[in-house]
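I have a structure here, written as structure tokens, and I will follow up with some questions on it.
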């Protein structure tokens, strides 16, 4: 049994609080805070997935919200057909919808990744955004699924043993999914695959000269990351029961990036800390004033200027890397 | 003896405060982005209604909680969720945008709240998705453009080009004018809407002109309205392609157009269910007090919000502040027994107002301020086209 | 197809393209020389529009307002450079994106606080408010011609500046090799500040020119900034020629898409579906172009020779 480091303890404490506090709020009559926690947990999954490529892989994707949106529509569109075109019950079965969300996002990641990963630096940032915008406008153009107005889905995914209409169970599923996502990313990062990915971030030529096909490694990571974000999207669709192209707007991708940076890139806990702080601060500020974007923007600038290594670095007194 | 009276007073105070648990109204509107110009006015009107009511509905205290929808359905839904779950309001009102209302509808109604739209009137909610706990103090989206369609027939317009934003209400507005207009539709453009809405219409205006239509029908609410009018005039279309609008030349865009000295907007015509010139006591009080307090004519958004608060207050007063009996509250709402600024109206089966629609014209008032006045009544007691689809449960 | 309509739409596309060029040229300057991703370029565009709109009412004339607003936006650019951009030069692009995204939120909200949510309509002098009759059927608004003229003038001015002045020489040198420029003993900090202010003025000018058409409104820059990024990526970062060609290309594609795509779509789908999907697909077109360009030329059409 490995002895827990300071950061390990922090992870355990944060994750324990995240598991305990929301149900307590719910049971003491503050249902809204459970909702907030569920949203935050789902976005944390998306942030964790982004961290895999952004933090460990050094691939700054500015289009990650597209995967989330695709995942949500993979739930919404079958549900819509079930409701209005009498598709069979399989269309609202979670065991169909969730895999569908993962597959759709993974395929999209594969197809766009093939093109995007040929570019470097800012070109990569912008081309990932371009693909996200394409999906955004594609959905806007489909009148059938509500276009800009979005799609209200009246039925949540049906899963064995779990009833997603119960907010507590939905939160539970999201929370467990987050844990699995964190573990998965940690396993990937600590594997040989992850070493190559991180090595390529530091010195691409060196990895290539060592005989690694860096492009293939990156593409694989990109697809895994997209698939995870798609899964988060499926959860998000179930949570909000309302899906709109707005979910994939470039500013949403920016928010996911900010969560990762705020929490600390290339750390296990960072994206979670980032998502928690982001949502909580947004909630508090927007309750105080409708001009909350002002202090929020100032905070953003402040974090970028002064906080190296994000909150995870700040809280454990060391910047940057995981131990 | 003195001690006894204080005690009695305290007791009676306690009794009245215990009884006077305030009734909370959640008000969802747009307070950020450029569209906040509408939300701000709705907020002003709701506050004016509260002033006039003294913050009370009979013996019950009223309280309004404002929430921002950020001009986006998803944000609007989140705001509604919070009002339902956290603030536990009794009524949810506001709603400028049809797509925001459609997204938020389920949260409010499933949460057991009354939903009162002060502006948006999407066809779905008037028809298949109608609900016993939903009421409107505005109109169904199709109605105002339907009235305009009738006017177009009367003035002898034979062919029409149509422009509207591409969202729920835009589509309804187009459907409305197409339903009553008997001439030919030469072309149509639905443009991008939302926080990143398209505001430069050069390509569309060129198409409209080239189509050779007799007239141009547009629906561009809020800030987009002023921008559209400017470009229409800059393109020199005034004599070539006469403009007919709904919710575009209104109390919000007219002051800006006057500030920019845009003379050609005078005489421009539009239809609507309300106008500042309507001759009834409630309206005169509303318009003059609104002008005195905020320094401008109210628009229809303000009028409908003012009505929404007064409708709610009338129902709360009728049930004596007892919100536990939802059937009684609903019955009271359905009576529409309050002094509406549009004059008396009744509620149809789908809980949309059955009301008159007018043709209005932009004029300068006695002080030289530009405003609108009623030219003609187009519809009397008009029932919307979706009411028949409503199977009220 | 109606030829005169095609002609008008081409002019409209040209006008949009030149406006895009004004925004994109500043962006590509800052990007190419300072290697700084400035999303807040959008806010400078918006501030240009608002300041010019307010000054139009103070000075009574739109053109004077433009003249006075230009240096003001330049100064705002200098402030942004000093307090936000400069500390971030040494960081990676991620920090640039986030820092300037935060700046957008701040400046948008400040504009809301200062000018209110309503936006400002800008009155034009009568001689600019009319139309020019080219032929019996060809009429274009005078002001749009002015935008085209101003855009071309700015492009010419920039071309001259970049190719025939000492500053331009440094800019070109900086775009291809930054360390060499500083090794030459040039005060790199001043050069950077100047370039940033120039970019701010160009963005501000674009905002001023569009204000009489769309009004000055909150968040108005957030639409155009993403398109401007597409322009400089397609053109090749740091290349003025690339930005110019890509801007015109994208302006034309966008406008012609909006004008003719729905007719095209009606050939194979219901007119109802064509009407609603055409605008979105035409908005998508520019991203498709960008993806195609990058798929075949990963550094854009005209990448500066060495980096």
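We call the chains A, B and C, going by the order they appear; numbering starts again at 1 in every chain.
Operating definition for what follows: contacts are C-beta pairs under 8 Å (C-beta built on N, C-alpha and C of every residue); 3 or more make two chains touch, one makes a residue touch a chain.
All values derive from a computational prediction rather than experimental measurement.
Colleague: If you tally the C-beta contacts for B-C and for A-B, which one comes out higher?
Modeller: More C-beta contacts join the chains of B-C.
Colleague: Please indicate which chain is farthest from chain C, where distance is taken between mean Cα coordinates of the chains.
Modeller: B
Colleague: Would you kindly tell me how far, in whole Å, the mean C-alpha position of chain C lies from that of chain A?
Modeller: Each chain's C-alpha centroid was found; their separation is 32 Å.
Colleague: What whole-number Å value describes the gap between the mean CA coordinates of chain A and chain B?
Modeller: That pair's centroid distance is 38 Å.
Colleague: Which residues belonging to chain C are in contact with no fewer than two other chains?
Modeller: Within chain C, the residues that touch at least two other chains are 112, 276, 279-280, 283.
Colleague: Out of chain B, which residues touch more than one other chain, so two or more?
Modeller: Residues 32, 166, 192 of chain B each touch two or more of the other chains.
Colleague: What residues in chain A touch two or more of the other chains?
Modeller: 140, 147, 293
Colleague: What residues on chain C touch chain B, complex-wise?
Modeller: 2, 4-5, 8-9, 12-13, 15-16, 57, 112, 116-124, 129-131, 139, 141-144, 210, 212-215, 217-220, 222-223, 255-256, 258-259, 262, 275-276, 279-280, 283
Colleague: Could you please specify the touching residues of chain B with respect to chain C in the complex?
Modeller: Answer in residue numbers: 32-37, 39-40, 166, 171, 188-192, 195-196, 198-200, 202-204, 206-207, 210, 223, 226-227, 230-231, 233-236, 252, 256-257, 259-262.
Colleague: Quick one: in the complex, what on chain C touches chain A?
Modeller: 31, 37, 84, 87-88, 91, 93-95, 97-99, 101-110, 112-113, 226, 229-230, 233, 237, 272-273, 276-281, 283-284, 287-288, 290-291, 294-295, 298-300
Colleague: Chain C touches which residues of chain A in the complex?
Modeller: Touch list, chain A to chain C: 54, 60, 62, 115, 118-123, 125-127, 129-131, 133-134, 137-138, 140-143, 147, 250-251, 254, 257-258, 261, 291, 293-294, 296-301, 303-305.
Colleague: Within their complex, state which residues of chain B touch chain A.
Modeller: Within the complex, chain B contacts chain A at residues 31-32, 68, 72-75, 77, 81-82, 85-86, 98-99, 102-103, 105-106, 166-168, 192-194.
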